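Look for chain A in each of the two complexes below; its partner is chain B in the first and chain C in the second.
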Partner chain A sequence: MNHPVPGQPVQVPVLALGDVLLVSLQGELHDGMAEQLQQDITSRISTSRVTGVVIDISGVDIVDSFLGRVLAEIASTARLLAARTVLAGMRPAVAITLVELGLTLPGLITALDVDRAMEVLSQGGS
Partner chain B sequence: MHISGQASATSLPIGSDADLAWVRQHVRQCAAQLGFGLVQQTKLVTAASELARNTLVHGGGGHAEITPLDNGLTRGLRMRFADQGPGIRDLELAMTDGYTSGGGLGLGLSGAKRLVHEFRVDTEPGRGTTVTAVAWVAQVPASRKGLQ
Partner chain C sequence: MPEQDAAESAPQVVSSFLERRREQVAQRWADALLFRSVFTLSRDEAVEACKAVVDALSEVAVSGRLEDIDAPGFGTVREQLGRMAATRARAGSTPSQIADEVAGLRVPAMDLLRDEFTDPTSAQAQESVLALTVLLGTLRLVVMETALDANSELIERQRQQLLEVATPVIKLWESTVAVPLIGTLDSARSQVVMESLLEAIVDQRARYAILDITGVPTVDSLVAQHLMKTVAAARLMGAECIVSGIRPAIAQTIVQLGIDLGSVVTRASLADALAYALGRQGIEMTRSDTGASAR
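This part shows the complex of A and B:
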């Protein structure tokens, strides 16, 4: 697995799988990268036919309130642009910590992994 | 309380979001070495991320001091975040879930407090803020002593 060194920002790749965008977050995510990602996803949704966004966070060690807010904002912006967002692969330790932190991420659909996130999106509806 | 780890206290600058990543990585390494389990490590790193970001965003930058502890019964980690920024005028309000003076979710201070065993804020308007958080490796209830 690729573990970026802190201090060396990497671009977060956004893949298109049919009309679904797949984003895999890995390791250390700087605040600036998270905001860049938010802009990238929003412009991709508004310029191409995207009905769903899957954000894979199985490679993410921690979600603090900054990243949590970015994820929630991506989901609400996507929703306004008629796309649904599914957060896939949250680690159990991250989930436990988020609850204690008080960050409940209302409105974000979650799935155990990317495959199941894709299933959720293919079931359609809203 | 005897602090065996005093000599290995580490000071890290907090001046950019890349520095936040270094603080998180250092806390993760220390916590793992001290024997904290995965969930506790995750809680410590998350608390550190919140408090270091406050030092950067609200305090205008400062530094973190990370110190391994040993009270004879169990091991612990002390994380101190200090800045010489504007300070916090109403600490009770700042510690309220959801309160933010701008832009955030207002869960950093209150949430970080829930993620550790001991938590203290020293602040003075115009002079700065120091937040100290301590956690002990789990399963030794007698270890919850006061801050030193």
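This part shows the complex of A and C:
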């Protein structure tokens, strides 16, 4: 499960929109990809003027404890570098599963979709 | 053992009797209350249905499984009589009434069987009558079981309907939705509430979701846990949840049970919750002077 499948991208693209980084996760996130993603985001925040990170998980069917931990780690790392992380586009079924598992992802800011996430970041504060 | 020999032959006697007198038994049964009340339109139909039941009973008698409600012959009976019993039950008959009506089939069949024997007091006659009694007793059981099955199906369906009906998600304002919870909140219902609320959050692009528990009679730790789960799930979807409609008695119960709702925004009434949601969105409402005179 945690090995890259041939034919699948091994890297998650990180897009820059102004001073916001946009990451769109699709399908499963493997160990290697997660590590690469964390490094990418961290270096991008430190080298350019990034104030916010939006992680879009609308294309993710399953969020397990592993992905939950990765997301929390990205958020903590970004916070250390003075950037806020917003998790966007979680599906209802995924939210229900996470709550049933007791993974309520405290400390992560959430938004309905990428649009709303950008709104949250532009408002600042809270 | 002579007794066992007699018991073995009695079902055969009953079976051949049913086959021979199929027509007469069916005619008599068609006049019985059970068939008469279901087949109100056509007596021929009733006779046909009776014949099917007689054939099935004969089949069971041949197999010798008089007391076995799972005997293959009862399959047809289940279909026939079960449907009739269900019809009667829907018409308002109690189970015992239906049972009595099925029991009413015994006497006509019994009379015909007694006429078969020249000496009604002979051992074989007694055994045969007993066998037919047992067979019809089992028939009664089969009908009752089928009727109860139909009832429990009905209850299950209504329970499902209740689940769907009792949890509407209402759009109160631009990007504000509310769920008025009514009745006891068990695991199944809270699951439905959670699902429909999350769907509504996506559809309405809601930022605020109000859970109104005015109609929830009691709040125990389980109900509180369900509420917390719903709040957490809504938060994961990027919506803020407000729990409203907390009656004084319920507030006291929550405190006495030591349930921590500290992470949840709570308000006394739905109006307060709406005011909070609007306030957070920067929407202000003022009374206009022209409003009253315009009417």
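To be clear about the criterion, the second predicted complex is superposed on the first by the 115 of 126 C-alpha atoms of A that agree within 3 Å, B and C clash if a C-alpha of one lies under 4 Å from a C-alpha of the other, contacts with A are read in each partner's own complex, and residues count from 1 in each chain.
Here, contacts are C-beta pairs under 8 Å (C-beta built on N, C-alpha and C of every residue); 3 or more make two chains touch, one makes a residue touch a chain.
These figures come from a predicted structure and were not determined experimentally.
When the two complexes are overlaid on chain A, chain B and chain C sit side by side with no clash. Once chain A of one complex is fitted onto chain A of the other, the partner contacts of A:88 are limited to chain C, with no touch recorded for chain B. After overlaying the two complexes on the shared chain, residue contacts for A:62 are found with chain B alone; chain C is out of touch. Contacts of A:100 after superposition: both chain B and chain C are touched.
In the superposition on chain A, the chain among chain B and chain C reaching more residues of chain A is B.
Residue contacts after overlaying the shared chain place A:124 against neither chain B nor chain C.
In the superposition on chain A, A:116 makes contact with chain C only, while chain B stays out of contact range.
By the document's definition of touching, of the two partners only chain B reaches A:32; chain C does not. Here the smallest spacing between CA atoms of chain B and those of chain C, following superposition, is 9 Å. Chain A uses residues 92, 94, 96, 100 to touch chain B in one structure and chain C in the other.
Chain C meets chain A in the complex at residues 191, 194-195, 198-199, 201-202, 205-207, 229, 232-239.
Within the complex, the chain A residues that touch chain B are 6-7, 9, 28, 30-32, 61-66, 68-69, 91-94, 96-97, 100-103.
Interface residues of chain B facing chain A in the complex, by the touch rule stated above, are 17-18, 20-22, 24-25, 28, 38-39, 41-43, 45-46, 49-50, 53, 97, 104-105, 107-108, 110-112, 114-115.
Taken together, the chain A residues at the contact with chain C in this complex read 87-88, 90, 92, 94-96, 98-100, 104-105, 110-113, 116-117.
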